[in-house]
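Right, one structure below, let's go through it.
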């Protein structure tokens, strides 16, 4: 697989080599290798069940590897327990919203920072205020997740992930349940985070958004990488079109 | 106990008299799983009080009155109610909890606060521990030998032992008392089986005994499981004699059916007595409650009579005086519903024990 | 007042020790560790303290300390062994642990006094001292309930893998729950035993588990405040309803049922709700909303404070 | 052989008691701490009634089952259903269901203790046990009935839960009652039905055990409650078949200790065994792994 | 067959989530509802399906007032919801989930319908004995959709059925919704993927802060126009 030139100038932040995750007979991730460089937005696309979320699970160490190695800033971390990963500057959101029901939105966001970093409390509060503003959540800061519509819950999920100011951000379908405009807003947010130097790794099924936002895209199918490169190249790839976009020409318009 | 020990507050005081009304506190199991062991004594004591009032026992119109507190079989509750009772200035003497656990838990408190307390049942070691604690129930092992005497007299030479090892009284009796009693009398204990208070099904134990087929079975099990055991023992084809415990006394075997018939057990009190204090107590009790009294009733009666005799003995009803009186009466002994009573150390009752046979749904004196 | 104190001293003491006992269940349950080991620790602590006093002739405080340490260590080891278990399976394993403690006591010969238990452990610890100890424990517990420590505990309970993904060392929290539960349960057992001067196997039973559970659920598992309320209610209830005499258990049952139905988050939940209502009233928060008109992200984008998340934040 | 029969009897006793509890717990997620009290009180009421009229065994069992069902229905209507309705989620209701059961249990216990003074009580019936003895192996007719009824109902319920539409719906209610309702499941009705069946099983078990054990005390249900809890968890929550196996495993362990003459170690060994099994099978013998995707 | 929502009000305590909404889903037609996050779309659907009861207004199915009826009663009348956020029964197998979907149908119909679902989504067939909770997000969404088909509903309410689905499967689901409608079912769909949904919808409504602010026929509503409305509401 070729490495696009866009990656070369920057230092690698995440290096994955030949990673496999199996669940019983299901080879959810099966020998995936990839390198992510600092300050760019990476995306993964792929059919349902192709192993995208599982790969995120592997990076955040929540699912065990069958084989392979993973390095962060040149240091192996594939033996670390999951709770070490956030301390290495990696934050993530989940595909299904996972918020604490008994806690307010503000508390849920604070939770992102509760175990990470030795930052003074005042500073943490400032960061929380900041993400509340950034995701326009101020008005619901004192509400409870179950009182919020699905799309708003997703925003809280994103807010909790970015509040720690991570170096690498994993977002699993951050805009599911949002409409075009809302997605555009999130994509603008991601671009502005990129402007601040944050490396991002995103799973999304909205091809249009991925093309507009990502610098580099990986395509997966049945646990394996089938293509990678610039968005345009990956979308044009025949195997990607067959396995993911549904073959027909109109898929390209999306 | 040393009755000569000087007590500054009370008995040395010549002015001391018997009050018009003497309050006897009762702290015991008025409810909960062993409420029969608490309600029984207070009923028995009430019969004694009525009898005393009727005969103007003190000769000056003094009456006794019970002040009852329920500790529901709970240790914490017992401590708490007992604390209230000893802090109640109107209470001169107390009848304490019947279960060993709570009784031994409150005993130090009694000694500390110096209000004499008479326990019923509560057969374990830590109950009668000093000058202020007394007991009107003989520990089972002190009269259980009557049961082995009975076996020997009736020609039984070997016995199987089954006992509930989670109950202190039974554990003690089975491990120390019975082996000694049996060997003294030449009775052979062929096997020993332990069960727990959680054991509900006894087929296997019953079959073991049936296959060994000793001439007798000594069964130290509480009321409900003992009925199961006896039925399954008979179902296993065993036809020998069963020697049981006072747990089987009172109305506890009424639910047992025909398979329970014929078991014998020693009790401190015999409801079939025909003479002496026992007979008159039985008559009175029957008149009051319209049922035959049981061991628990008799113990309560004797406890109260002990207290009354003590008050009369010292002519004073302060707690300290009553303590002295109890010790003095204890040293002499007296006749109670449980027969002629003697007291070990002047504070812990001993009786001869009577053998009871359960048959046709009622208790009879065993022959 | 002193008269009242004297005649209720046992109740006061029982309230304090029951609070400790219930805390030994509340702490793990708060962390999502459904463990009854605290009750077993009660037995271990009680027996150890009694053995230290009766057989070794130790004075009160060293005996209590030994009870606490032995109970905590035993429970911690249990925690390590049952690490793979969760939920009711963990509940069952720790229940088994607790019941086994009681069987060991029955079969412990002269060391434990067999079925009759151990007598004569006459400790010299009075109610003010116990109060001091309980206050100390509660201060520590409440420290761990507030702020980020409380949130982390909630995360560990509600969603362990989320908690791990937030950087929380979940298994350490679980082990700490066992340790704390063991130490506090052991403390409760040691104090109770030395106050009663005796302990027997029959006391470490299912009934004690039911009592502790009732206390924490009626009080509310969210906080030590609930535990304290629960302990007060169940220790003093008998004296409040003494007028019904032998039907007391009926009243007890009814009250427990009513609490279960009408207090979804226990007494503590009721208090929290009242406080929240009061706060809303004071803070002039709008009483009725039009449907939450949440601004879009873009609408706030250009505000100055929404800039610079990572690099040009306060830390640069 | 005799030991096997005894184990089968003991296991069936445990099983009969545990079945109703396992049913309500494993399907609609109601861990009914009042199950023991329901069991006891059914027998107690029958005892009061048979004081006046003698009944046949069938009559006793039917009556006990009916009373058990009634108590259980009332408990569900007045306690568990309101708790579930008020709760935000089933998991938040779980502890309070336990609490409600504890409260409910206190009421029949208080009544029975009061009436009997905690003395044993036994029901009067025209039934008389006979003892079969074949080749030195003895078995009473009551044991035989207990074994047959226990196994039949145990296996029947297992199959019903696994195969039937209602069984499936019950498991769905236990998982997510609201969504189950969205499938057309009338959850209150089904839950009531389940609780009635569970209560009837408690009553039936009570009736049968009243014959097997000859007498009962107000506290008789309590010991069984812990053991039932143990074997259901041992078998694996939600698996009726697991509860069946769990009952016989527990009985076997107890019987073994009895045969070895270690009567006071019975509880330690049987609970120790459960402890060990759980260490190796954290989901019980037949429980399903909890699903939680990372 | 027809579902009519008239002047519906749904409040959560002090929050007025749905304010006087009227919508119609008629047999054979797909009615599409678009709107920003928090506009009240899910609240409307949940009320129509009997999970919420609303404060006032009416929900009429085939001429009969159904507001306040519980969800199981609505299912019996043929009204079925594909819930937001999938809500599959995680510990049950895929096939058991489907069987539950057919709780009100006969055994024979269920077996046939299961076959159809497997045909439409082969991955579900492969995983029929697997636990539903272990499926990937998109696979779960397919299951939720398939499960709703099981009871052969007459009114199908879908809350974001395409969420988390790969584009090719979005197509499958949308085509599925179209063909259900064509078979005489009334479909009321809330969807964020306006591009995909508009292709198969008949009628379109846009919801803003609890009220319907725009209605039209899909054929006339260009994507552009709809987006303009949505964009406006977002900026309001």
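We call the chains A, B, C, D and E, going by the order they appear; numbering starts again at 1 in every chain.
Just so we're on the same page, a residue touches a chain if its C-beta (ideal position, glycine included) is under 8 Å from a C-beta of that chain, and two chains touch if they have at least 3 such contacts.
The chain list, named the UniProt way, goes like this: A, E = ABC transporter ATP-binding protein; C, D = Branched-chain amino acid ABC transporter permease.
Just so we're clear, the structure is a prediction, and the values are computed from it rather than from any experiment.
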If a chain touches chain B and chain C alike, it appears here: D
Between chain A and chain C, the fewest steps along chains that touch one another: 1
Maximum centroid distance from chain A, chain identifier (CA atoms): B
Furthest chain, CA centroid comparison against chain E: B
Between chain D and chain C, distance of the C-alpha-averaged centres to the nearest whole Å: 30
Between chain D and chain E, centroid-to-centroid distance (C-alpha), Å: 42
Multi-chain contact residues (two or more partners), chain E: 15, 36-39, 134, 234
Chain B residues counted as touching two or more neighbouring chains: 31, 35, 165-166
Chain C: positions in contact with at least two other chains: 106, 161, 246, 248-249, 292-294, 296, 298-299
Parts of chain B lying in touch with chain D, wherever the complex brings them together: 31-36, 39, 165-166, 193-196, 198-201, 203-205, 207, 223-224, 227-228, 230-232, 235-237, 250-252, 254-257, 259
Residues of chain D defined as touching chain E within the complex: 165, 168-169, 171-172, 175-176, 178-187, 238, 288, 290-293
Chain B-facing residues of chain C, complex: 3, 6-11, 14, 106, 114-117, 119-120, 122, 196-198, 200-203, 235, 238-239, 242, 245-246, 248-249
In the complex, chain B residues that touch chain C: 30-31, 35, 70, 72, 75-77, 79-80, 82-84, 87-88, 100-101, 104-105, 108, 124-126, 165-168, 170-172
Chain C-touching residues of chain A, taken from the complex the two chains share: 60, 62, 81-87, 92, 94, 98, 100-103, 107, 110-116, 119, 123, 126-127, 129-131, 133-137, 139-140, 143, 152, 155, 160, 162, 165, 181-182, 184-186, 188-189, 192-193, 196-198
